[in-house]
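Each of the next two complexes has chain A plus one other chain: chain B in the first, chain C in the second.
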Partner chain A sequence: MEPVILGLVLGGLYALLAQSFVLTFITTKTLNFAVGEFVALGAFATIAVSSWSWLPSFGRVAVGFLAASVVGALAYRFIVLPFTTQGEHDTRWLLSTVALSFVMLNLITNVEGPSPQRSDTARISGSVDVLGVGVSKQQLLLAVLAVVISLILIVVSQRTSIGLVMRAVSQDPETTSLMGISPRLVGMGAYAVAMGLAGLAGVLYAATVGASPVMGAPLLVASIAVAVIGGLGSLWGPLLGGALYGVLSEVASFQYGAIWGETAGLLLVIAVLVWKPEGLLGRRMEVKL
Partner chain B sequence: MSTIEKSPPTSAAAPEPQRPRSHVRSALRGDILFAVVAFGIAVLAILPGRDGAGTSISTMQLVASMAAMTVAAVGLNLLVGYTKLVSLGQGGFYAIGAYASAYLTLDVGLPPLLAILGALALCGAIGAVVAVSSMRLRGPQFAVITLVLAVLVERILNEGNAFGRLAGYPNYAEHDTTSMEPVSVFGITFRPPMIAGEVATVMVPIVVVTVLVLIIARNIAKSPWGSSLSAIGESEMLAAHLGVNVFRRKISVFVLASVLGGLGGVIVTQAFAHLQPETFDIYLTITIVLAVVFGGSGTILGPLVGAVAIVWLEQSDILAEIGSFQQENISDTWYLSTSGLVGVLFILTLFLMPRGIVGTAGQLLATVVRKSAADPDAASTEGSASTADHPAVTTTASTDQHARVERPPVAAGADTSESMLRISGLSKNFGGLRAVAEMDLAVDGGQIHAIIGPNGAGKSTLANLLTGVYQPTEGTVTFLGRDLTGQAPHHVSRAGVARTFQTPQLFHDATVRANVLAGFADTGRTPLWAAALKPPGRYRRDAEMRAEADRLLDLVGLGDVADLRASELPYGKQRYLEIARALASDPQLIVLDEPAAGLLATESVVLGDLLLSLREEGFALVVVEHHMDLVARIADQVTCMDQGRLLARGTPAEVLSDEAVVAAYLGKPHEEGTH
Partner chain C sequence: MKLQNLWSAKGIAIGAAALLALSGCGSDGGSEATGTADADGIITVKLGVVGPMTGPASLYYEYMDQDLEAFADDFEEQYGVRFDVVAEDDQASPEETARAVSKLINEEGVQAILGPPLSGNSLQVADTVQRSAIPWLLAGPNADEIINYDVQPNWAFQTNFTNQQIMSILGERLWANDAKVGIVYSADGFGQSNLDQLTAWADANGKELSVEETIQPGAADANATIKRMKDAGVESVFMGITQGSDTATVTRAIEQGGFDPATIMTTGTILTNYKDVAEPSQWEKIQIVDPRNFLEGGDKWVLDQVQEETGEAPAIPTNNISTYAMLDIYAQAVQTVGDANDKEAVRQAMEDIETVHIGPDLTIESPFSSDDHKLYTDDPATWFTYGFDDNFDLVNLGTAADCVEGC
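Right after this comes the complex of A and B.
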């Protein structure tokens, strides 16, 4: 039971990041492979303002969110958007975001140094008892947040005009732009929210493990795996994918050792892609000739 | 002169025996020149190490790193550059090749050469598994699955005890040494560049292998096998219609790329005799992608140029100097060092040189060449444009007699009592929508069967059912007595059915001639070994195909623009080009999906002449068309569909005056939309 609970909690962190992949994918059909560095950016931005005692800790967390969010919007405008102009098969954005991740990682390392820094903002100590398993409150917060944010996103996308615009842009950017909606602005908005979420995850994650430039890299692969398992086109996907991935990798590493934990999770991605390339909750698109 | 006879290529070449032979000779000359220059450069590269001077060690190591990166990048280029599948997993195969060849030698105890072969086979096998499991994926999902592989490999190397983890491989704890024994074959020991005074003999096989890989990759890229990769990159559906088994070919190319990635790793093992897991990280896999993109993806020399440039940049002091320059002049902390600068270089390449060094240089060269060539020709090109607008008119008149003799026996030989194409009871449901319902159709050689109907009538779906894009829900398709029901597009194409598309599907960056060349059955049928090794027969066949392609281009009136890029053709001519490509596969039946869409009235007339001349030659044509004047002029039989069903059938005059047909189009029985 213990690995299952821990897996679900761990899956929450991945789900939160996976949500940022889904968010950019459903609006712009792109993924930001630099998302790991936005995690670190958020964490360090919060640390940078941690000495501002006049700012309540909620405000400091917001700074982490906003920093990642502003850089995210700019990244979309200048690094992603120019490389999506050649139609569906254009995958240059994939390379440009990978390159962005190199640049950001290098810059953060040079500025902040490679060793982890302690972050006290939004730290909750102690643990709670979940079905007989002790779970740290910090991690539980991340998991709960992932669920809450996913639900908010789902409600927004289905019930509000913003959601309608998002879905319209994802289906047909050209027609949407004829309706007077700028797909570019929608894309920047989506990236702002998505990278903000990554920054937020970074702030909360740094409270447990400390902030370091490379903190996001291991999360990148796991969260992209979660997003793919659940389906890149579905806002429900990260929750399902996170739960499956988290539980499977925790159980496997509990049983067979740490190296098998991650391997099992990644093999799950391959299995899902083979069986259902669009993800467990994704919808298949018919190719029209 | 321009007939579409189905004669054997030798007799086609008969009137001009000089041309094919001179093509063979110039192709052979080009290949030999490439090999000689490549080997010459390779010799020059390892010349500094000939006496084993201590000062040459670092140079030799640099050359070895460049060679390893080149081999891996050449493999990746086949995927990224030609097939347009962005793989982030090449670093994984590189690592597998390096570690497996070392592990099989040291821990398993295989003879070194066998260990290397085993490592390559392992890379191929893993590549095959990944390929099979990712075949339905494109774009980001494919990148993700390959990235997952690279990460898995990195984790296993970093955390698997068998590989010494951070102590590297081999290491003292397990092998009592930190470097591998040099490989000995037939009494020759291939020493790595490590110890001063010892000649680094391993450099010879390293550069030889690198040059051979380059030659093989060049052969493949220029072969029909290579054009099938470009076809897949353009559109898998198009490739399938050119007779390519897309599934198998994608697996082959991925396996080939994986083996080459592994070979790069093998070179590293041989050159450095020791492996550290942290050198095989994600950064490596991205660097290989960068080498391809920076050098020029989809070009023959791009991976070489890119790999050499990137390795040199990383090993030289330039990037470090730029880093310290920033520190001194801008900020002590806000600066970029090597990996960040590589990232910037990557982004700048994508912005400024999307074709990479080689691609951009080639483009500039082509522009210069064309400018100097264009001036005297300008007038004649302009002049020929008007005559080229009426290509088929003249040819038809002059070739009628020859053509009729040559063509029909093939069709007649199959079964005279039955039609060439027979469709019966064909239906297709999309969910609840019945797009095609119980259609029957029979077409014979030398016949044009037009299919008309309002938008959404199911015409294109019928064409797609015919060529295997969709599986029919019910009914059968028989072609030349063979059952083609539900066969994949490449089977249909190989059976002798060619098609053109509603929007021309061309290789826009390739020349007009190359587009036609891709249409030959060779694109789907050439085996990989023949493409790679280029046996003598290949030269002859290439020359034949070239002559035939030029003949087909003359036929459709594009003879004088054969060297232009396809995207430079006006829209109407792109349609003729597509027809020429369809003819190249030597079909019996051609399915044309709205060939006149977007054509000017005059162009449409020329198209009609061309189609009529094809009919004269014995081809069966199924033409989905909206232009009623064209249909009325060329069709022997017209089928009008409405809501998936047969509405009317008969001669053009009958169908176009049918009240139901007119009603379906206009909703008013007294107005005719045909003139």
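Right after this comes the complex of A and C.
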């Protein structure tokens, strides 16, 4: 039971970040490989205002979210969008987002230094008993947040006009633009929310491990894996992917050692790609020629 | 026409920027590093310094930079040796290290090389530096494998303790009372060398390492690792982990998992990046062993001077001290020979050095021989055992010999 509980909790962190990938993919058919640096950006933005005693903790967390949101929207406009202009086979954004990752990493390192910095905002110390298993309260918060945010995104996507617009832009940006909807603005909005989520994850994760320029990088592979397992086209996907990846990697770590944990999770990715390339909850896109 | 003017202005600007950039690269032009005494009797040495100037491991360059800033004038005054530093960024990667070292040797023509500071990268270039017959100042790396004493004369010198030495000290402590021992080591050159040396010590002394677990740099948790140790009944844990932040991940898991081993030992790497991401309850049982006395005498003086001269805390305290000792050794050797270009004579003078100075009042006598280029020994009577108080300040618990059965 212990690896299952701990795996579900760990999967929550990955799911929250995976939601960033899913959100941008659903709307713009692009992924931002600088998500790890947006995690760090959110964490450092919150630390920067941590001395503002007049601002409550919630406000400081919001600063982390907003800082990553604003930079995320700008990143889409100036780093992603210009490299998607040659049709759906234009994948130059792959390189531009990787380049953005390097630039942000070096900028953050130069400004903040390489050492982890303590972050007390939204820090919840200690552990709580879940079905007889000691679980870090901080990690549990991240897992619960991943579920709540995923549900909110699903409701917004399916029940509101904003969601309708997002789906319309995703399926046919040209037609929606003829209807007066700007795919560019929708894309910026999606990136703002997605990178804001990465920043939020960074704020909460930094309360455990400290904020450092490289804090997001180790989470990147796992969160991409979670997004792929669940399906890049499904907002439910990260929850399922996070649960499966987290539990499998923890069970493998418990049974065979830590070195096999990540390996087992990545083997699951390969298995899913072979069996269901669109992800477990993704929908196969068929194109009529 | 306007467009042409614009492009032409742009071209001039780019050209000027390129010239400025080029003039900032290297230091050949106008270098006074002749390696021999000038009219004032000062010998300027072209010293290649290689380490991660950029990126997440840049602390491992910073400590060398701090020491050169804090003590260069002292060495010039004391030994008449001035360091003309040619720095190269290895970005903590083996490929970049190979490029950087090759450039320092072949293009810059440096008279000695300080660094690289990471064991894995040093291993990568060990043969190259040895073949190039240039004094190699290894103040950071702990891996014994870097120096192959079968090859003589040997050009590398280590002023940090080596993993073999610390394992010799720790082996007695970890297996005291026939305890069950487990190791958590980082998945890098430092961690692997820790594992290899601890296993070698155990094999040589008829002991068994019960659990071996790795931790990836930046791992989100170490719960499974700790659970496996707990289930195996491990009583003594050794953490051979490069980054203090990863050590914090392990100690968090120890606390969260309710694991309570009798002994938790680690290395001086915990002094970097640990305190800010851990809680007092997580470090209260941790102890380290180190041949340096961080709390008084010359070792402490070095750390205090770094703080005073640079206005920054020592980036990696253990390595700040090692770098001071290394620069002292090299500067003395150059002074003795009088010509840094005579590298073989300088190397021999380093090997034959009689007294190494660390600060004004700490000396180490005749540490080297042809098959021993290590500054420290593995005599537990000369090592210190430290614990930590609630503020993570070091507490000297006695010598390693005093604490074999626990302190």
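Please note the rule applied: the second predicted complex is superposed on the first by the 289 of 289 C-alpha atoms of A that agree within 3 Å, B and C clash if a C-alpha of one lies under 4 Å from a C-alpha of the other, contacts with A are read in each partner's own complex, and residues count from 1 in each chain.
Here is the rule we go by: a contact is a pair of C-beta atoms (placed from the backbone, for glycine too) under 8 Å apart; a residue touches a chain by one contact, two chains touch by 3 or more.
Everything numeric here is computed off the predicted structure, so don't read it as measured data.
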{"item": "First (chain B), second (chain C), both or neither touched by A:53", "value": "neither"}
{"item": "Which superposed partner A:100 touches (first chain B, second chain C, both, neither)", "value": "first"}
{"item": "Touched partner set for A:161, first chain B, second chain C, both or neither", "value": "neither"}
{"item": "Partner chain(s) touched by A:250 [first = chain B, second = chain C, both, neither]", "value": "second"}
{"item": "Touching partner for A:85 - first (chain B), second (chain C), both, neither", "value": "neither"}
{"item": "First (chain B), second (chain C), both or neither touched by A:258", "value": "both"}
{"item": "Touching partner for A:127 - first (chain B), second (chain C), both, neither", "value": "second"}
{"item": "Touching partner for A:10 - first (chain B), second (chain C), both, neither", "value": "second"}
{"item": "Footprint overlap on chain A, where chain B in one structure and chain C in the other make contact", "value": "105-106, 217, 258-259, 262"}
{"item": "In the complex, chain B residues that touch chain A", "value": "84, 86, 88, 130, 132-134, 136-141, 143-145, 147-148, 151-152, 155-156, 159-160, 233, 237, 282-283, 286, 289-290, 293, 333-344, 346-347, 350-351, 354, 430, 460, 464, 469, 501-502"}
{"item": "Contact footprint of chain A on chain C as seen in their complex", "value": "54-59, 187, 213-225, 227-228, 245, 248-249, 252, 256-258, 272-273, 276-277, 279"}
{"item": "Residues on chain A engaged by chain C in the complex (per definition of touch)", "value": "2-3, 6, 10, 13, 105-106, 109, 113-118, 125, 127, 134-136, 139, 208-210, 212-215, 217-219, 222, 250, 253-254, 257-259, 261-262"}
{"item": "In the complex, chain A residues that touch chain B", "value": "25, 30-31, 79, 82-83, 88-89, 91-92, 94-96, 98-103, 105-107, 110-111, 217, 221, 224-225, 228, 232, 258-259, 262-263, 266, 269-270, 273-274, 277, 286-287, 289"}
